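You will see chain A twice below: alongside chain B first, and alongside chain C after that.
What follows is the complex of A and B.
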């Protein structure tokens, strides 16, 4: 018979190094929702990148024709859960930004349903972010942000906007929805950037 | 024109927030509807509580709580009416 007493003698040595401070492992996938789940028909779906010079637009079929990647990554929610080794498939933002030129350094992600979140452009490029359309080999459920969500796994998961529809370039790092209402402007889990 | 610093708000706000907020009415910035907070749609998630207009679903208010800290946001209302007894 054995038992484990949390926080008693040397437990910290056993702590998984993939877990940022203040996080606990989960095996399910808790859903956070600040509103009704938008039901977005792929026939009406489009994704846009908006710059000071104009709009780049992809229909669902055009988007499906882009080269996609498999992504294996850990995700960290600000509400203290982390999930390790999740599997996604999506289009890298490096691909989407290939022909996009802008003088602006910041991005506001906009979602169907009205949600917004801000991310600096240099944290979306160089293999750091995707527009994901599959989770665990299946099309992304509406409750997990389908048909497509932003995936920025090195930041807290509220930055990985569900139901994403556009990325709008902006000259300043303006705060998005949760960032205006108490959450951190940047959201690095390794620095515990949870709140203002 | 002279102004007071933010500390001067503490007294008055503490007074107003002793009222039952659910009975207070607010005007929605989205559609202009004036309604009691009790009629609004409230979405709770571990990240925070979001209060939406029952008429147009525009976000009226947010509440984020983290231990001793709490953030009350009223970005979606133009004004709140509080009835004084």
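What follows is the complex of A and C.
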């Protein structure tokens, strides 16, 4: 349906090919959250993976002892900003799921503060997702999800749940918080899967 | 799966600028006539897409200052847009757009940062995001409406004006209070509308905080909202208000953390922060 808007010239023509459609490059790091930033004490923090068979749990110290990776990636927010070449450090979900058995194909990420988001399991494995605890060489700022957030950079960034506390396996792709409040069930930025 | 608040499904629509007026020194109010707009709830936003002659496009999100159902073939939607320095879409909307210009909008968007007079209880069901697996949230009985506290920084008042206007239009008995932080008296958005809301029969209180310059005779020196000022100007936690906060990231982070310290339940606080350009 697109048509030209009179008087609009636009600013830039050297569009970066790493930008998905409808996205604009930013150099700051905007914050988008539906509520207050929860204060999460690492002494009380734990991370769990819950399956139909039981619960796998890591304390903060146990989590810190896991092998971590440096991640360089672009991130894309549904509100039309992208940040290129960001650097993170975290534990791959391949590592965390090593000893996890489940018949279920879908995951609901749960956060401190009550946020949820759904992701199919096969989009979290094979080097596609991490639990990140550092950004730019520093401990992750609470505004950006610290002490730990899910990082699934190939999907819009609302899927990268801040303040993540557990991943719960589920038999169907039930919608999480934003998925119930207007955002797409899947969220591929290259397909512009923004809204339902 | 829990119920979704009853907001219309979003989609792309052609829109025409039917009125444009200065809102503040840096902002403009635009009235759009949107073809096939399905109506929107108070507090929702939309995406504006501009296309240049060579096909280049730019898209940004803006809060909607109006609300209401669809009204036939084309529905009017009000935006108030602040010019972002070095921005791309907002300078066009504020400086270049004129009546008759056509652009595209996608919406209405967002079903969480919304308020509706008859749906307050229903909408609250989405507040506890962990209800996906936990027990559903218990809503307040309809005959005991919880008060609503709105808190705005700068242009963050736009979606909150939509809520206050919807409240007045419905002559809703829910107590409403707006705390609005602005730089100077010239930076107040919807100044005339806010005065009218004060005089409307639906209960509405307005507390203005001026951070740089106050009107003549103002009892307080200019300054940012402090924790004490917040405590004095918001509905106390004992009355369990539903709270909507909208502004810059710094403003929202400060206010939201103070609200928690003042005893408000995090689940009662809904936030919207300016993001990106």
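Note that in this section the second predicted complex is superposed on the first by the 183 of 196 C-alpha atoms of A that agree within 3 Å, B and C clash if a C-alpha of one lies under 4 Å from a C-alpha of the other, contacts with A are read in each partner's own complex, and residues count from 1 in each chain.
As a convention for this text, contacts are C-beta pairs under 8 Å (C-beta built on N, C-alpha and C of every residue); 3 or more make two chains touch, one makes a residue touch a chain.
What you see is a predicted model, and the numbers here were worked out from it, not measured in a lab.
A.B. asks: Looking at the overlay, what does A:175 touch: chain B (first), chain C (second), both, or neither?
C.D. replies: After superposing on A, A:175 lies in contact with chain C but is clear of chain B.
A.B. asks: Go through the superposed model and pick first if A:22 touches only chain B, second if only chain C, both, or neither.
C.D. replies: Only chain C is touched by A:22; chain B is not.
A.B. asks: With both complexes overlaid on chain A, does A:103 touch chain B (first), chain C (second), both or neither?
C.D. replies: neither
A.B. asks: Quick one: chain B or chain C, who's touching more of chain A?
C.D. replies: C
A.B. asks: Regarding the shared-chain residue A:158, is it in contact with chain B (first), chain C (second), both, or neither?
C.D. replies: First partner only, chain B.
A.B. asks: Touch test for A:34: chain B only (first), chain C only (second), both, or neither?
C.D. replies: After superposing on A, A:34 lies in contact with both chain B and chain C.
A.B. asks: Residue by residue on chain A, keep only those touching chain B in one complex and chain C in the other, then list them.
C.D. replies: 30, 32-36, 77, 79, 114, 177-178, 180-182, 195-196
A.B. asks: Quick check on the complex: what are the chain B residues that touch chain A?
C.D. replies: For chain B paired with chain A, touching residues are 43, 45-48, 50, 52, 57-59, 62, 64, 66, 69, 71, 73, 75.
A.B. asks: In the complex of these two chains, what residues of chain A are touching chain C?
C.D. replies: 1-13, 15, 22, 24, 26, 30-38, 77, 79-81, 108, 110, 113-116, 143, 168, 174-178, 180-182, 195-196
A.B. asks: Touching residues of chain C toward chain A in the complex: what are they?
C.D. replies: Within the complex, chain C touches chain A at residues 1-2, 4-5, 7, 9-10, 12, 14, 47, 49-61, 88, 92, 96-98, 101-104, 106, 109-113, 126, 128-130, 132-133, 249, 253, 256-257, 259-260, 266-267, 269-271, 273-277.
A.B. asks: Quick one: which bits of chain A touch chain B in the complex? Just the residue numbers, please.
C.D. replies: Listed in rising order, the residues are 30, 32-36, 77-79, 114, 158, 177-178, 180-183, 194-196.
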